[in-house]
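The following pair of complexes shares a single chain, chain A, combined with chain B in the former and chain C in the latter.
What follows is the complex of A and B.
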């Protein structure tokens, strides 16, 4: 047996034993898996590598932490409840349009930041109460948020896996908008209508109003929405007019808006809110640190190369199967990891089969779907948390949208040579 | 009581974290010690980059420039190694040149660590070696660093969401990290971020010292399309083409490619456009940089033997002709030095009025016979 395969089995085995048998947190199980892999490869306990892997996602960790502070602040200020009431009363007569608009709202922060977690934590948390109040069951609502956030992550202008794949073959990140919109928008519309529409027919607005807080919006008026508007304005302006707008950075923007929320609605204890936000988010942050260590050791020991070379040796049909299964499956560790580990070699293999930019865009889309894969499942876990469930029931409702997304991506991949016009 | 138990648990976790950090810090701090250079007798002086960009004084970017002046009037050749510290052959070839060069006309300037900050850390998720060691003929050893292609975020952070360099290059999305890439920020900005200051220092060096020709030494992963290729600014294309033909006659694959018109911020484009120097950049194969590589160790760095890439090449996924036994570091160093030597010869044919003459380690075959152990000198 190849030593790299042995290392891989040791890493996965220890991870699964830790997580499923010993009931350790995913993050700790990943660290143990990483250490086991290093030991089997004869690397001892490579502290420098573990430390380096741990800090890989420090920028993402800052974004998630501050986004969570923002979410808690607007929840406690009453802004979310007021926004829910506003959207439902304006759009309840056209439920399909209302659902599609809500889906686009979920996608928006992901499109701007390239992070499904940011999308779930910001817009997802705003939209979730509306979905629940119009009668969509919790698990389905969670699935809408999870898939919507991933569609936002994959949609242009910022698609980080696409950038990673393009960077890996020295391809400029230009011309990706067309193919990415063509895959993300239909998938998003299908998902929200498939999961939600049947619960939204014949909505009784008077009944809905009983569950909505119609007073908080009236009491504080427009100023209640200032933190949300400020967030949108700052996120858009720093990217749309970067020469004029100072570069604040996404974490600082979230933090500023959270501070503003303290003064624009219901009074609340900011210290307690902050502690609650960090308590909720620390397990996810730890997971990211564990993922970093895990991939670092996979690379150090050569197990990463082994996985990729094994996949490349399977031939074209098996390669498409690997693209549909292993690539999103790698998202269980990290969707960014899937893009850099598998996306680049898969693109190299498929370069001659069609339009190169379209192929890179579609591979990145499939990588993004990995954010649904447990145990990491960043988008899925947070979506489940927002609707007050464990991830498993939410995941069940993600299966059909996931399969449809994969099927559409494969159809596009097979016909990418006809889609070159989208990239010009 | 429960409160105290909670407190002690937290203190314990913090203590363990600090212990891990201290051990890791020891390794990372070791990367801050530059490699000693046993410079050849022809060394005139070791300048500092801050002489050309005052803002670099006292910073990690205030790097050494090894100056070899023959005393005979002529042109000036600037050799840049370590622009991307993970591309080991660049830095190694520069050090080998500084230790063995003999200049007889004009001047040669050598910068082995163009991005000094990049040598102080490694790239997360790439599982890179931090150091590797070679044994010399006399049994002594020398240790070299493998760094990161970008400036250390400890020296320059955070990366901006948007950046437009002095070249007009715009960095957005994940490309924003390239604001720490020396080879994206030329011609630089004396008042900009550290990496821009380094670029500005190099640009000023070229201007003030009237540098005639520049070679920026790089390596690429096996997936990269421009291996064994020299990119040349349009004013340098004739010289680079002649060099490529000359190398070809020696049985060494080499292509000369015109620098992309929109390769803004890269040395061959933006220094070519903004200085009088003839700008060139060369790439060799480095399997430790690609996603298919096997176990990361000294063997991979020094011997460059990666069966995964050989197999991928046989299967038709890698266009570059990967050899069964790999391409060792000495071969890549020799290729860089021969390329520079032949570039000098080609330059002299086109610009006889400002000649540059030097010898360094002989031919490609000579260097292959010497091996790493013979190319580098023992140091105290």
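What follows is the complex of A and C.
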């Protein structure tokens, strides 16, 4: 048996034992796996490499943390609740459009933070009562929240698996917006209409209003939305006119908009908000640290190269089957782990088959779908909790949207060479 | 831009303060371990060591 294969098996084995049997956090399990791999390869405990691995995702950490501060700020200011109320009262006569817009609200925190958990727990919790009031059964509403949160996690501007895959091959995280929008938006629209539209007949707006916070929108008016608009304007301007607009960087933009949100809506304690935001973010950040160390040791020991060379021997058909099955399946442990362990080698194998950024974006999208996989199923379990069910009935309704998402991703992957214009 | 460098160091310091406060507030060992893990690169970055 090749030593690289032995190292890989040791790393995955220790990781799985740590995470599934000993119930250790993903971060710690990944570090233990990395150390085990280094020991098997005869490298001892390579402290320098473990620290190097820590630094792989420092920029990503800044983006996620500041995005979470922004998300908490607009949630506490009342902007999300006001937006919810606005959509329902304006569009209840056009249920399809109303559902699509509600789906975008579920997606929004995921888009900004790159975390499906953040999407379910913030916007999901706000939208869920409306979906139930409309008459959508609990299991279907849970499925809408779960898939919506995952579409948000995969949608730009922040897609962490895409950052992990790009970081793994030294590709800048630039140009991912087009392909990611092209895959996430149609899938999100299909999911919400497929699961919810038939229940949206003859809506009683007065009944719906009972579950909406109508006051916050009336009290603060347009200025509630200023932080969200400012965010969009700054993100677009820095890309559209880079020579005129100073490159502030995504973390600073998020932080500026979070500060603005403190003054545009309901008053809240900014420090307390910041603590709450970081409380939910720390486990995600630690996971990134673990992933960074894991990849560093995979590279140091040659196990990563071994995966790529082995994949090359499989042939393309087997590779595409693995992409559709093993990659989302690995999400049962961690979608970030899937991106780093499987996504990077798969991208290296597929580099010559089409547009590289599009391929990386689509692989990251498939990794994100892993957040639906039991037993971990972060997005799914939280969504089920919010609608007051166990995950099993919710998962049943996620199957068809999941298959449609995978099918669309494969169609795009096979045609990625025609999609290069989206990345410029 | 030199100015932005100091702005970003301030952002790192803010995040460090928030993470440290959360770490000392919670009494769950594994959570504290996660927080300590995140703190390491941030401290090194703040001190411009790496």
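Following the convention adopted for this analysis, the second predicted complex is superposed on the first by the 232 of 424 C-alpha atoms of A that agree within 3 Å, B and C clash if a C-alpha of one lies under 4 Å from a C-alpha of the other, contacts with A are read in each partner's own complex, and residues count from 1 in each chain.
Heads up, the rule we're going with is that contacts are C-beta pairs under 8 Å (C-beta built on N, C-alpha and C of every residue); 3 or more make two chains touch, one makes a residue touch a chain.
What you see is a predicted model, and the numbers here were worked out from it, not measured in a lab.
> With both complexes overlaid on chain A, does A:55 touch chain B (first), chain C (second), both or neither?
both
> Spot which of chain B and chain C makes contact with more residues of chain A, would you?
In the superposed model, B touches more residues of chain A.
> Go through the superposed model and pick first if A:47 touches only chain B, second if only chain C, both, or neither.
first
> A:94 contacts which: chain B (first), chain C (second), both, neither?
In the superposition, A:94 contacts neither chain B nor chain C.
> Who does A:316 touch here: chain B (first), chain C (second), both, or neither?
It touches nothing on chain B or chain C.
> So in the superposed three-chain picture, is A:173 touching just chain B, just chain C, both, or none of them (first/second/both/neither)?
So A:173 only meets chain B here.
> Contact-wise, after the overlay, does A:255 reach chain B, chain C, both or neither (first, second, both, neither)?
second
> For A:164, using the defined touch cut-off, is the partner it touches chain B, chain C, both, or neither? Pick first, second, both or neither.
The answer is first: A:164 touches chain B but not chain C.
> Looking at A:114 after the superposition, I want to know if it touches chain B, chain C, both of them or none. Which is it: first, second, both, neither?
Only chain B; A:114 stays clear of chain C.
> Examine A:214 and indicate which partner it touches, taking first as chain B and second as chain C; both and neither are also allowed.
Neither partner.
> Across the two complexes, what residues of chain A are contacted by chain B and by chain C?
Comparing the two interfaces on chain A, one with chain B and one with chain C, the shared residues are 51, 55, 249.
> Which chain C residues qualify as touching chain A in the complex?
So the residues of chain C touching chain A come out as 1, 4, 7-8, 11-12, 14-15, 18-19, 21-23, 25-26, 30-31, 33-35, 37-38, 40-42, 44-45, 50.
> List the residues on chain B that touch chain A in their complex, please.
Listed in rising order, the residues of chain B that touch chain A are 20-21, 23-24, 27-28, 122, 124-127, 130, 158-162, 164, 172-175, 223-226, 291-296, 308, 311-312, 315, 317-318.
> Contact residues on chain A for chain C in the complex?
24-25, 27-28, 31, 51, 54-55, 58, 61-62, 65-66, 246, 248-249, 251-252, 255, 274-275, 277-279, 282-283, 285-286, 289-290
> Mind pulling up the chain A residues that touch chain B in the complex?
Residue positions touching the partner: 3-4, 41, 47-53, 55-56, 59, 114, 157-158, 160, 163-164, 167-170, 173, 238-239, 242-243, 247, 249-250, 292, 295-302, 304-306, 308-309, 312-313, 337, 340-341, 344-345, 348-349.
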